[in-house]
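Questions regarding the structure given below will be posed in turn.
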Amino acid sequence: MMEIELNQKQTISTPRSAPAMSDNNKTNDNLDSFFKPAVKEDESLHGLSRPSLSYWQDAWIRLKKDKKAITSLVLVSFILAFSLLGPFVWTVDPNEQNLNMISQGPSFGSDALIANREMLGELVVDESIPEEPLEEVSPLEATESIEVLGKASTVGVHLKWQPVPGAYNYTIYRNEIQPNNISELGVPLFTTEYANELSYIDSLQLEAIPYWYSIVATDGIDEAMTYKTIEVTPELAYSLDQARAINPDYNIGDSISIGAHPFGTDQLGRDVMARLMTGGRISFFIGFFAPLLYILFGTLYGGIAGFIGGRVDGWMMRFSDFVVALPFLLFMILSYIAFGAGPGESGIVPMMATMVALLWPATARLVRGQVLQLREEGFTQAAQLLGASSWYILLRHMIPNTIGVILVTLTFAIPSAIFTEAFLSFIGMGVAPPNASWGVMSNEGIATMLNTPHELIFPAIFISLTVLSFNLLGDGLRDALDARMRSRE
Amino acid sequence: MAKDIVLDVKDLKVEFDTYGGIVKAVRGVDFQVERGKTLGIVGESGCGKSVTMQSIMGLIPMPPGRITSGSAKLDGLELLNVSPEKARSIRGKEIGMIFQDPMSSMNPTMKIGKQIAETLIVHRGYTEEKALNEAKRLLDRTKIPEAHKRASQFPFEFSGGMLQRAIIAMALACKPKLLIADEPTTALDVTIQEQILDLLKELQTEDNMSIIMITHDLGVVARMADQVSVMYAGQVIESGSVDEIFYKSSHPYTIGLRQAMPVNDEHNSTKLIPIEGSPPDLFSPPKACAYYARCPYAMEVCNKQDPAYTMIGETHRAKCWMQDSRAPKNDDLHQAHL
Amino acid sequence: MAMIEIKNLKKYFEIGKDAKVHAVDNISLDIQEKEIIGLVGESGSGKSTFGRTLCGLWDKTEGEVFYRGEKLPSNYGPKDYKKFSKKIQMIFQDPYSSLNPRMTVKEIIGEGLKLHGKITDKELTEKVAFWLRRVGLEPDHMSRYPHEFSGGQRQRIGIARALIVEPDFVVCDEPISALDVSVQAQVVNLLEEIKNSLGLTLLFIAHDLSMVRYVSDRMAVMYLGSMVELGPTNDVYFRPKHPYTQLLIQSNPEPDPQGERSRASVGIKGEIPSPINIGEGCRFAGRCPHATERCQKETPKWKEVAEKHFAACHLYD
């Protein structure tokens, strides 16, 4: 009754499908022979075109596409390798103090001279000049020239200058920048007693950096307004005693090679890089093991609560609420005392104990929620109906489906624990000196922050980079492992 | 006779960037909605029917989404690729929308009456008092009992059916020309569905409003629609009046859908004929006819070239090579029209 | 003798002090060997809870269930599951959540066999391959993961998992409601075909009236925890006795535009009331067009209103 006459009908295309139509016209004639039933291959019906991927393979592919996460992963691996493998390559003792090398900025190795004062020669006193000038000269001129006697090294710099007629004595100034006028001469090091003393040996905390020495003549009361400046860069030098402590065969005049300090040294002359490595080991140790322990406990606790359910679940969760309410810092102090750790003693054990004791409830809640949800999922009920035991369901169905969530929690817990460790060490409650941890190093670096900022900056950078990359990695993992996104796509 | 077209969508194409690659969710869709009439859009999940509506409503997240071509004109005003502010003002006033899950389109912390009033204040510049009174009137109009009392309740105090009525009230607040209903009754029970469909019909006649009804339920389409577009793999494969689609089905997919549904006739014990296989993967949609792999009438040409639309009636068209004059006459296809 | 005898089955959920959800209230039903019994009802009517309680996934609050004369325990322990799971199995609604995303298809389907005793890997592979073919999938899909399959294919996997232990009674809990129309027919036909060839008995729970009518031999209707009507499918669908069934079937939109246009609105009033602490009286009284004072006070009795056709309504006293 409502049939259509297929043969009488014309093929008209609506104007809207113009592209398709023009396509048709072009090839119309060629298509005629194809109006016969198609023979289809069976696969076209049931074919699964995409390759088979397990959950983890799929997650890895997703993670690889997340640039932030992969950069973070590389960075985390790098920092980990730096701390764990670094000490095998960089064999400098992190606790060795070198008082010659206090608070040095980054350096990449150099040779040092073994020197003593003798190498600088005797102080020059020109007997031909009277101890006090015979006539007054005003104003006083600057000295004509300054020369360096002997070898200028960090053991000492010997300066000799030309006498100035009418000068009663001379003042020697030192600065680390070039003075542009008389007010910028720097630190007054010494004033000679007599007019005939024409040299001075400076051995005041010298470093192998350029110094500008200035000589100003004095009329006995006031300094002249004129000065002469010389730039001297002392060579790095060890005293014989220091050198012989390393190797007794050294003699004066030998040169000794000094190790590089890529991140400089701290205020006790310890190598910052070596300390960052061992400090990193402690930070990572706490950063991994504390979360691992409390997440494991939280997982078990939450898993059991969720699996048993009912009243037991209620009580267990009330207890976890109670634990959440406990103040962390207070408990940290209490356990510090309880473990008998006095001031200045290491607080690693109390720190770990407090973290494990107080930080598990978040994981427990999360896992309990997951387990409660999984208990209602079709596949656990199906397994139950097939006669699976509770253990089987827990091991085969529940844990594999919560592991992603747990992994993400762990990734977020690690930076948080590292940061807690750094914070506690920073306020003096965690790792105690001389042991290094990034927090301890930051704490020590604070004191010399203005003069030698590298002692604070490097550990701070390591803390920040580690915390940031773990967080970004955690974000990436969470996205990659999100099962809901997978199944609905 | 010139038709009074409210919404005219042409050659709409939408893509999404995903982890797995680009998904071509909508691949050149066009349809028109007449004033005061209902267009039913039918299709399986993933056929692009919801994405089509979301792009008209500007609800496609960009990125990852992308409208690569097409236009949608509401009474001559372009909705796609115009400034977001402009599009928003047109949509807010002229298009209402109701979703499958009523709970998700309500703010759970805000009283129902206030939420509806908010729309009126934003889009029509009502004073708060006037808006609240209008909100109560709208709730009353959607036959919510004790509307005055209900207006000061929160969404969680409403049942699913009541909440859907409240959503309809909210969608009607600005007297829209067009109401888009995306599976509005899928989450509801048959008896409640009946109530909601009746309500929509009644409101439509009163306001001379157009409705786009997106659903996978052919029963709902039969009850509600004047025109029907059947979508498959991101394309409209057949469209026409509701009678043409149901009684003169011309695309094998439409026929397949009909045959896969039981007929409630005591003396007819025809077996269901399922459509074998599953819809194609839109990561790499077939170049030729998307239905080729599942089509019982497939010809070689179907795997060679994408068919064009063939006009079968004044408004009835199908995108199938079987409608080509060169195609062999097929009695099965004729039988299926009955 | 009926295969499954259900006597006054009750399942209440306590949701607080003195508050109980009457999810399943006093249902008695005999399920005959090799029949498909369809169970319809709106969401919240307790049809899923009924199916789950029957399988033992929920403890029974009251009442008894007999399987071939043997009484099923009211609280299942793991041993009971092991004993009865070979007889009674279930197919779940959501094909997404009912398959463990971390397991391969082989592990999922083979789980039941592994749990029921020692089986070599070779035997397991053979059996799984057999069942994959049986439900219309390819044996080389065995090593794939559920997320790679479409909804319909997942449901086939779910069917294979339930049937591999060779049960003779299967509860199908809305097995098609999450599937697309074109795929629903695939699954329904598969279930029917397997049921016929293996001689299974099915309880087919769904809210799609047309599908239930199509697939089942007898049809039962639930409303708010209690069963209101039961009878041969065509009698219930075309000659419904209970006012609720009548309204439900009239509300079901048919894919027939002309019929729908000429059909008047059913005009059923109100919403499903809360199932908490239900007292005496007919549960449908509040929405029923024929309700009398008696319906409010007195719970109607379950009685035969036509041949093999039962209803609980005072209209038929």
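Letters A, B and C mark the chains in the order given here, with residues in each chain numbered from 1 onward.
Just so we're on the same page, a residue touches a chain if its C-beta (ideal position, glycine included) is under 8 Å from a C-beta of that chain, and two chains touch if they have at least 3 such contacts.
Treat the numbers as computed from the prediction; the structure is a model and nothing was measured.
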Chain whose Cα centroid lies nearest the overall Cα centroid: B
Maximum centroid distance from subunit B, chain identifier (CA atoms): A
Whole-Å gap separating subunit A and subunit C, where each centre is the average of the chain's CA atoms: 61
Centroid distance [mean C-alpha coordinates] between subunit C and subunit B, Å: 31
Cα-centroid distance, subunit A relative to subunit B, in whole angstrom: 56
Two or more partner chains touched - positions in subunit A: 46, 50
Residues of subunit B whose C-beta touches two or more other chains: 247, 276
Numbers and ranges of subunit C residues touching at least 2 other chains: 153
Residues of subunit C that touch subunit B when the two form their complex: 42-43, 150-153, 180-186, 188-189, 207, 209-211, 213-214, 234, 237-238, 247-248, 251-260, 265-268, 271-272
Subunit A-touching residues of subunit B, taken from the complex the two chains share: 10-11, 18-20, 30, 247-248, 250, 276-277, 281, 283-284, 292-294, 297-312, 317, 321-330, 333-334, 337-338
Residues of subunit B that touch subunit C when the two form their complex: 44-45, 159, 161-162, 189-195, 197-198, 216-223, 225, 242-243, 246-247, 256-262, 264, 266, 271-276, 278-279
Of all residues in subunit A, those that touch subunit B in their complex: 1-4, 6-7, 9-14, 16-17, 20-21, 23-24, 27, 31-32, 34-38, 40, 44-46, 49-50, 61-62, 65, 489
Touch list for subunit C against partner subunit A, complex: 52, 55-57, 78, 81-83, 85, 88-90, 92-94, 96-103, 108, 111-112, 115-116, 136-138, 141, 143-145, 147-149, 153, 158, 161-162, 165
